[in-house]
Amino acid sequence: MSIAKLGVGVLGVGEMGRRHAENIRRLVPEARLVGVADVDATRAQRVAAELEIDHWFGSLDAMLAHNDIDCVLIATPDKFHAQAIRTAGAAGKHILCEKPLATNLADAHAALSAVDSNRVSLQIGFMRRYDPAYAAAMKRVEAGEIGEPVIFKSVGRDKDVPPLAAYQANVNGMVFYNNTIHDFDLARWLMRDEVVEVQSYTTVAIRPEVAQYGDVVASVVNLKYARGAIGNVESYVQAIYGYDVRTEIVGSKASILVGTVRQIPATFLTANGGTQVLADHFLTRFADAYLAEVRDFVQSVLHDRPPRVTGEDGLRALEIAVAAETSHLESRPCSVSHPQTVRAQV
Amino acid sequence: MSIAKLGVGVLGVGEMGRRHAENIRRLVPEARLVGVADVDATRAQRVAAELEIDHWFGSLDAMLAHNDIDCVLIATPDKFHAQAIRTAGAAGKHILCEKPLATNLADAHAALSAVDSNRVSLQIGFMRRYDPAYAAAMKRVEAGEIGEPVIFKSVGRDKDVPPLAAYQANVNGMVFYNNTIHDFDLARWLMRDEVVEVQSYTTVAIRPEVAQYGDVVASVVNLKYARGAIGNVESYVQAIYGYDVRTEIVGSKASILVGTVRQIPATFLTANGGTQVLADHFLTRFADAYLAEVRDFVQSVLHDRPPRVTGEDGLRALEIAVAAETSHLESRPCSVSHPQTVRAQV
Amino acid sequence: MSIAKLGVGVLGVGEMGRRHAENIRRLVPEARLVGVADVDATRAQRVAAELEIDHWFGSLDAMLAHNDIDCVLIATPDKFHAQAIRTAGAAGKHILCEKPLATNLADAHAALSAVDSNRVSLQIGFMRRYDPAYAAAMKRVEAGEIGEPVIFKSVGRDKDVPPLAAYQANVNGMVFYNNTIHDFDLARWLMRDEVVEVQSYTTVAIRPEVAQYGDVVASVVNLKYARGAIGNVESYVQAIYGYDVRTEIVGSKASILVGTVRQIPATFLTANGGTQVLADHFLTRFADAYLAEVRDFVQSVLHDRPPRVTGEDGLRALEIAVAAETSHLESRPCSVSHPQTVRAQV
Amino acid sequence: MSIAKLGVGVLGVGEMGRRHAENIRRLVPEARLVGVADVDATRAQRVAAELEIDHWFGSLDAMLAHNDIDCVLIATPDKFHAQAIRTAGAAGKHILCEKPLATNLADAHAALSAVDSNRVSLQIGFMRRYDPAYAAAMKRVEAGEIGEPVIFKSVGRDKDVPPLAAYQANVNGMVFYNNTIHDFDLARWLMRDEVVEVQSYTTVAIRPEVAQYGDVVASVVNLKYARGAIGNVESYVQAIYGYDVRTEIVGSKASILVGTVRQIPATFLTANGGTQVLADHFLTRFADAYLAEVRDFVQSVLHDRPPRVTGEDGLRALEIAVAAETSHLESRPCSVSHPQTVRAQV
């Protein structure tokens, strides 16, 4: 019955990878979850049992050796993304890789080269593009309803501050690479333009101990676009009140606000005021988006069409992150470099 | 691997039954979707194929004959609910039945008798109790946060007006039995009290042709509670702007508002004002609730505990609907009759 | 410079009358506040001093004796409205009277007769019609944007529960006459139709001691309209969380929601959720409406046109209140009586 | 009766000055509007007639010659503010001056010197500090409810794009001086900290013709604070959809959002979605603030206490605006210079 199904292996089954694996296992009829792999083989085994699949692996290589694997979903810590892409690419597997593409530009280019030379498909996990609200916004942008784009604004605030151990392990890069990169992607996608220069300020004020790891707790990044628009992106990893992602696209004819801080549609009215329960997790806020993302990836592979979020998109967002970090380190505006000779198509 | 799984058969795979079947097939690890049945055997076959299961049936009896069926989920048109409960009960199967329990009290009592005498479990599909917002509201009510309940208010508006053919087929009973019954259940559950009398007004004003079928397009029903509280429930089946379900519980110390008319968290600002996309379907609004409902039913059967929404709950809501219809027909307040002798436990 | 100004006297300078007097004194250039009168002459004197005007009086008769009085604004306790209208009318003065017109129908008819026979103008203080949000709603209704009106809903909740002394003094009539009458007026105005029958439930549950005064703390009143629409109005005088007035007009083509429970446009986000400051007083919520109301009254007198809210409007709303009380007392639906012979024009 | 009243003269009776004059004339019992002055004497005469006062003047000098003038409210075009302060100060009059203090630092210092040497009081018209929502926010900040301030965000969008003639006349300075300066003041006030450096991007994209006047249509300005916090302020003078002012103060323990884009509390639901009427004018949005501001100024003079918004505050906000313009012109981060030797007190 499952002859035509796309065989998928998931690499890395922490919180994020487990969700992807579960979605593929249960909610993507055109795909089959063949196996899961994790450096923590016990975790891989447990997830395989929970999802009622037969195969688990302690490494990507082991998983790639399995015959039924047509493509790989990469959900390892960020700094292993690029190498995993190269390995999977070399094995001729199509790839859906969590953001970011890589944590530095050299790794990113090496990964993209492997993808190109092996002629496999690579999609980057900017799942917000699949969120119903962001998708509806983009539809209006594409229909010309906002007129000329003038200002891009985005706020990304995480509730759960990472433990210091995560900083020590240094697996994710600083905030620009792991968090703000979502907004950098939206900044390009929704404005349908390229960011050419950035200016950033950052702060460690309420958690100075992260400075030793080169990280910050909050940032504001001004954006300058190729066609003259401007923007600003704010990130904050310690928003005690909740998970708060909001974006505005301000145009000459209309403006679009995406985002709400509310978890459930209920309000509690007391003598102390009206209270609402606030959102607290990205897997809740973007549950639909993660599912739609993986479904679309599967469709793109099955129908041999380019992925909707390309490796090029991953590279461009990374270039903005690099420029934002440079601006932060060198206290100056920083151009977003994109050597046109390296890669032709956009 | 699936030794301990609960075998479920779904009866009726229209829009609602198909969703239930899909949830069981994909998202309830402790259950197994054994088969689907429908008087339209072609539809049953198609759904079985889509959900990649082996068995489909043209009748409940045929499905009950299958060895692996432990319980039945009934999602037929309303007027067949009671008979299906009797049949499934007689076969010793546990039952999750869509609301309403029945479309008249005699059928309801017959169904409950069958459940009792066969010692099977019966849960009624008041899925709103499983919606995160309603559940959060109930949690606060139970914690005493609202103080004494004083007023219950609920609005239920459907966007898609039923075709006249649906009225002619007369499968669902009038609006009180198919729509408002949700609010009648919430009226009991959230107020933790019984409705003892109702007063209703109805109208067919903008669709007078439904009057010949004994139905209406809108209604307001005042509620009087046993402990002195009051309430009102409004229904409207032709809310052109969207699917709009909102409830308030007003207490002496606080008030709770549940509900929003917004589909996605986006606002579009133009020279004509700010616009929002409105909700349009109950399967979207209550997607989480439907899944949580069936999961909880499966747990209750596996762990041999009473269902969270009992047949008694189904009967009580039906009694309010009957009283509301009587008030509408006879232009007078109508007591909610509940012959205590018939059934002891509440 | 003030030759053409309309001379106004205000009768009753409690909280409400003082606001009217202040509006006339400061914000209605076409009018002049000649004096204020109150049975508590000391209060009248104090208000006159605060507003920097020369005249105060201990009675309506004394005020009417002053030459410059062209019209009288009545803001006494409700049960004195009708007699004050008769007295002012007999003196040939135009009248803006706070709601309700009277606290019983006999008084109401006597008051309207006096107005008719003396050919003075009478406006009733249904100030919500002047609120920008209600006015915008009505404009859309009049433009046909909602299509056929189907359902009218209104909620009126007061924060500050009246002291028992106010009940003992029995100056305002029960809740239907003093509070709900606003919604009864909106019910006619926004639906552009007449209410012909009502059904009401009431409760004293959390304050049983008001029962001895014939009053209640909460009520729900179903409405039946002449042209087939239906409605419901809820009132609650002890909404501890705030002053909450909301109205919906549901039509065949669109629906309008008026009202918000929020006092200021600010949200406070903490680990306990999002909090808003709730509205707490009608003089805050309807500040603009009260001013617009008195300005319009002054204009209507100066330009010799009928007031926008007539004595007839006051009578009709009162008739609904009487029917609602009768339904409450006699536990039955009650027709809204309107003896057409008594008064011809509508 | 008016012996103790503060005599006020208003200089400049365009839209803004006329509102101030009207507030003083009608709604500030402790003050008396003695006269109004405008270079357009006809306008001064017309406003005097409308407000029913006796005196109008064609110049500040003429108004200052009137005996009853105790203080002057300056509402001229921005570039005349500083000179008017010097003149009024030299005449020993207390001053409430619209923002900005001046359009360049030299003028600002000269104005403040005149104020100091003549020992008069000077308040700058940052009226947002008096808005109920901003005031409530500040109260929570001062109570320590947000913990440490981490991020400041503000958006200021004007609906009505200025005519080119206004740019040609060059009376207001570029957008930073006339619009964003409100946000620069809030940035200091709400964070209770000083901005030490800024980075700005600007755009003229949809109205390139303003570039010749040194102005822009939109800007984003990153802020760096003395104590380590960061921020961003966005301005846009052509927000076709409405007047939109929103501010966030993000702290370690809580966050505050101020602002709403909605004009009236009404929502219109149609098959095309839910629509709201958006705010369109600062005199509507901040009506209460303007009145509270002038009342507080009058109180401060009468009770001989320092104004709540000082000349120093005006200077500091101006310094930020100058730095923001410099960053825009020189494409680099720019320090906010504040020569401590010039002025001692803060």
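Observations, loosely collected:
In order of appearance the chains are A, B, C and D, and numbering begins at 1 in each one.
Heads up, the rule we're going with is that a contact is a pair of C-beta atoms (placed from the backbone, for glycine too) under 8 Å apart; a residue touches a chain by one contact, two chains touch by 3 or more.
Predicted model, so just to flag it, every value in this text is computed and none were measured.
Comparing the CA-atom centres of all chains against that of chain A, the greatest distance is found for C. Of the two chain pairs examined here, B-D and A-D, it is A-D that is joined by more C-beta pairs in contact. Centre to centre, using the average C-alpha position, chain A and chain D are separated by 42 Å. Centroid to centroid, with C-alpha atoms defining each point, chain B and chain D lie 57 Å apart. Residues of chain D found to touch two or more other chains are 240-241, 253-255, 262, 268-271, 277.
Residue ranges on chain D touching chain A, taken from their complex, read 147-148, 150-151, 153, 155, 157, 197, 199-206, 217-224, 227-232, 234, 236, 238-241, 250, 252-255, 331-333.
Against chain C, the residues of chain A that register as touching in their complex are 240-242, 244, 261-262, 268-278. Interface residues of chain D, counted against chain C in their complex, comprise 1-2, 26-27, 29, 50, 52, 132-134, 136-137, 140, 145, 253-260, 262-271, 277.
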